[in-house]
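Each in structure tokens, the structures are laid out below.
Each of the next two complexes has chain A plus one more chain, namely chain B in the first and chain C in the second.
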Partner chain A sequence: MPVTLVDDPRPWRLLLIIPLAVSFVLFAFPQAYFIAASFHENLGYGRIGEEWTLANYVRVFTDPLYVGSLLRTIGLSALSASICLAIGFPVSYVIARMTSRRKATLVGLLVAAMFITPVVKDVGLIILLSQNGVVNQALSVFSKPLGWLGSEAGVVVGLVHFTLPLIVLLLGTVISTVPLSLEEAAHAHGASRARVFYGVIIPIVKPGMIAATLMVFNLAMGAFTTPALLGGGRVLTFPILIQRSVILDVDYPFAASLSTILLVSVFCLNVLAGYLMSRQGRFRRMASPAPAAVSTFVKKAA
Partner chain B sequence: MARVTLENLAKWYGGQNVLDIVSIDVKEGEFLTLLGPSGCGKTTTLRMVAGFVSPDTGRVLFNGTDMTRTPTQKRRLGMVFQDYALFPHLNVADNVGFALRAAGMPKADISKRVRELLALIRLPAVGERFPSELSGGQQQRVAIARALAHTPAVLLMDEPLGALDLKLREAMQHELAVIQQKLGITTIYVTHDQEEALSLSNRIALMRRGKIEQLGTPREIYRNPATPFAAFFLGKINFVPGKLQEKQAGAYRISTSKGMLLCPTKDERKFSLGDQVLVAVRPEHLRIAEVASQNGSNVLPGRVVRQKFTGKVVQYEVRVDEMTSFIVDGTMDRSIESDAPVQVAWDVSATYLYPYEDDQEIGVGVASTEPQVVEVTGKHEANTLSESLAMT
Partner chain C sequence: MLTADALRRRLGYAFVLCVFVFLVAPLIVVSASSFDSGAYFAARFPPHELGLKWYREIPPKYWHALGVSFTAASVASVISAALGVLAALGIVRGKLPGVEWLRSFFRMPLQIPLVVTGVVFLQFYYSLQALMGVRLAATLPGLIVAYVFVGMPYVVGTVGAMLERLNPRLDEAAAILGCSRWRTFWSVTFPIIRPSIIAGMLYAFVVAFGDVPLSIFLSSSSYTTLPVEIFNTLQFDFNPSVLAISTLIAAMSVVSLWVIQRLVGLDMIPR
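Here is the complex of A and B:
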């Protein structure tokens, strides 16, 4: 008779088969399908040819519209991720170091803000940023009205607005892994406020900080609603071009090749960042914001 | 090295007075311990010296210079934390040299000084390692080296041995004492561990509820506790409530529920006839006797209700009356049966006397009967139980 182990994990692993099957059907299969579609010819009216071809990719990389759009998307996403980091870090630091009951309220508001659909957020921004909106009225002392809507600046504002709650939550988890006593030890041994920040906090949270910024960057790379509404059709980011070739041109293989390029470039940029990070030397007690960590941060606050 | 003067420090948090007029003068090179239960204000006091907390009133002076408004980083401190607080992204050498780099010392001098300190803490070979690669004891030694590297004016330690296990803690106590004596650095040490305080300190400031209960050398406080709490917190103590009946030559006569006790008169405290008082005596001064009365001794009759073997001594719990039990330190070579009637005797000179005050925290007052109610072992106790229940 085989010995039954009380701690045998194998029966429980069987439960994983269901989520595995679901993700395969909903994620891996369609993904594989559109990647395959990108290597075929468009026959018009949504039909896809039989022949294998690289023509779609040649078209993307020889047309300045698409190359320019890819670079613009990367640029705008990087810019908004950097702005998010700069604005988000101090906010998350303050929240992470809070001990009062107000912390729970603030984290709750952040989570709520994160789940508001970008459409709603962008409508608000459109009102604020319009020609005679509040922002232009406030700036009227210094300059004539600025055309926020339909400009790259407007899109960046929208992307920052869209991703800021997330980066604050992510950074909050990372910062709360740094014990306050480390800061106190640094102060006690002669470090100024700035030295504590750049010499202690930043080096310790750096891996987590980069990971959080990358997540925000990835969200911005794939964002459609915000550039569509705030760009007003004049800021052509990659997701907007994908949508156009699907809806306006009904060119599925070409849309698929654009999607594949977006997917691969985001993937490559993340791998590159990870590689640069790992070259930074030995990191101890690595602080990185896993989704589970976010939920414990939220729980702790509550 | 500096003389540290704490002048009338007080602090309120949300209407609560966590520190209530604390004044201590720490001499140059002295090892002073702030001792007390949690919430007594010892850590708040230390953090005021460190500059992490601003006092609401009072001043902190180093060598007579007011430092109350000086930021932490300009106070030239060394500090050791309970959780070590070593920088995880720096190796041991960089951790130890942290204060030197912050002060802008040349690199060559830093590495020389770091080598000296690693030799001092007897860990010469760990400079290249990271804190997470060291054991708890080693990490704390590195933390001590970091706190000493720049020869601080004051060394502050916040329960530095609290996270270590017993054997390691004892070894580290010894090491700390050796290092502190060798360097002669003014040290303020926070702990709730009375043994640590007794063995390390030049002086102890025993704190309770934001106030200093007693300030003195370990011997002074142990031999001559100023308050019932001081007697209770350092070492062990037995209390008997009573009433002052008579003043004789050099002694008070106090009536208790089970007989008269004598207590030497001391100059510092005056009692008047009829005062409610608290008689206190340490377990190590008690003996269990068969003979009823002896000259120069206080004697109370009682019954052994429990004995606890602790290795070095056997602790007998002797019930004197429903309200009062005595802990008596005995030896193993004499066996006393449980429930046997005995006499507890001690020298009059070993008796302390305090004004009576209800204080459940130290087992004086109503709550003191509670542990005896819980453990019911025989008929005798069953009676006590019903009596106690009737009382409540």
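Here is the complex of A and C:
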């Protein structure tokens, strides 16, 4: 019975043993040890106390430096994510409705912009936003040079630049779940543009839109390089404080508690985003016979 | 006279164009000003005197860091590819119940902020050193292990997507024609999924090669990766040769991504 032999899934399952073991050793064990460490006292020189304590968490939530930083990080990330959604949605819409070969070029540029290391992009942004940079020269008609670098405004520009390619790509797959014929039908029956947008497009893309925004928010929350370079050490976001508590203070249990807070919040939001994206996937199956590759992307994105 | 529709479309294209200018502007600025031989203490854009001065004056520490980055990222991407292919085959072909959980488990590293992963690995290495005397912190193998962790999901993603698209009838046909399972894999399945393996490997490479937040914890003065070196330069002392080396890295990433596009297209970005 050669056909059943091919279909037999059991031998394939054996292949999972090695990668699962590796992932388990690299993921589950270190994470567990790490989260446990956040509940112990720091004895200096990298040594960790025996007794369980909540002191690290109490310190995070009572010290204005850390509370302020957490709120600032959430605020900056939320602002960046909203700007990304506002800019990204129209861009994704135009790209999703393109049929020419230019579409592939634009998607390629987006992927390149997403995967080129933030360090290099930040070098460019620093040059552009510097005191005598191109941006300030262009704005000189309206105002005196603005101090972008080392300010929250600069960090937001950097975060938007960092996360925009991702949200445009995510929204692109979400928007392509709305069949063009549906929009045309609504137009044909006399709906205005605004009505089509709020009555047809938004209800369909809502879960995917929220999910994409959450993912971008999370990316901004965890971003280290961009706030560190564009903030010039003056805008202290949570990831920067984590790095400082390891490198400067050598306080691992405290760094662990900061990281655990960041990890838990980002992780919960990601699970929510994944759930919303899978609901968007249901719309896709109902809506259109999409090419396999694109629907895979939606699944991967979730 | 333009119709309202045509005008709206043009406005849309103009907006998209502006956004793309915003996205690529930093890269253009970096590469253009790296060719300005006249600049000394600050980058100038647009460049004044064109020349390769700063490429010739890239200090040896950058070349050394480039070597470290390149070695670590390429070894890690090969290991990620091997593990990722096994995982993807097991996930897609194993048809286990609850396979969605398995998928999420393998995607987990992408959900964790890289700074956190960096701190976690640093502590993990310290505890390994204390328990077993294995020294991984601030060594090349230590970097590689961490890069494998963040690179594997990309391979699982690209290869898994390709396997799902693959027609199972092909395997059946090979089996009916008398191929053994082993032979079927190597002469039917593998050639089809090979481009996706290379693509996943390149994603893993690009991500590891450009990483700062993870590497900053795991590198030392003797093993610094290039992005960390650039990061430190930008924080402490600016020198125009940083623009030259940045341009080289950006060019390398663009070439890798172009290869991915040729191989599998860019619509399968695992994220």
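In the analysis below, the second predicted complex is superposed on the first by the 258 of 302 C-alpha atoms of A that agree within 3 Å, B and C clash if a C-alpha of one lies under 4 Å from a C-alpha of the other, contacts with A are read in each partner's own complex, and residues count from 1 in each chain.
Operating definition for what follows: a residue touches a chain if its C-beta (ideal position, glycine included) is under 8 Å from a C-beta of that chain, and two chains touch if they have at least 3 such contacts.
Bear in mind that the values here come from a model prediction, so they are computed numbers and not experimental data.
**Q** Answer with first, second, both or neither: which of chain B and chain C does A:43 touch in the superposed model?
**A** neither
**Q** Does chain B (first) or chain C (second) touch A:106, or do both, or does neither?
**A** Second partner only, chain C.
**Q** With both complexes overlaid on chain A, does A:266 touch chain B (first), chain C (second), both or neither?
**A** It touches chain C, and chain B stays clear.
**Q** Which of the two partners, first being chain B and second being chain C, lies in contact with A:188: first, second, both, or neither?
**A** After superposition on chain A, A:188 lies in contact with chain B alone.
**Q** Give one of first, second, both or neither to describe whether A:276 is in contact with chain B, with chain C, with both, or with none.
**A** Neither chain B nor chain C is touched by A:276.
**Q** Name the contact category of A:204: first (chain B only), second (chain C only), both, or neither.
**A** first
**Q** Among the partners chain B and chain C, which is in contact with a greater number of residues of chain A?
**A** Looking at chain B versus chain C, the one contacting more residues of chain A is C.
**Q** Could you pull out which chain A residues touch chain B in their complex?
**A** Answer in residue numbers: 179, 181-182, 184-192, 195, 200, 203-204, 282-285.
**Q** Mind pulling up the chain A residues that touch chain C in the complex?
**A** Within the complex, chain A touches chain C at residues 2-3, 5-7, 9-16, 18-20, 22-23, 26-27, 29-31, 33-34, 37, 46, 87, 90-91, 93-95, 104, 106-128, 130, 133-134, 161, 164-166, 168-170, 215, 218, 221-225, 228-229, 233, 239, 242-243, 246-247, 252, 255-256, 259, 262-263, 266-267, 270, 274, 292-294, 296-297, 300-301.
**Q** How about chain B: which of its residues touch chain A in the complex?
**A** By the definition above, chain B touches chain A via 50-52, 71-73, 75-79, 81, 83, 85-89, 98-99, 102-103, 130-132, 146-147, 150, 156.
**Q** Applying the document's contact rule, which stretches of chain C touch chain A when the two form their complex?
**A** 12-13, 15-16, 19-20, 22-30, 33, 42-43, 45, 83-84, 86-87, 89-91, 93-96, 102, 104-106, 108-109, 111-116, 119-124, 126-127, 145, 148-149, 152, 157, 161, 164-165, 168, 171-172, 174-176, 178, 181, 184, 203, 206-207, 209-213, 216-217, 227, 230-231, 234-235, 242-243, 246-247, 249-250, 253-254, 257-258, 261, 265-271
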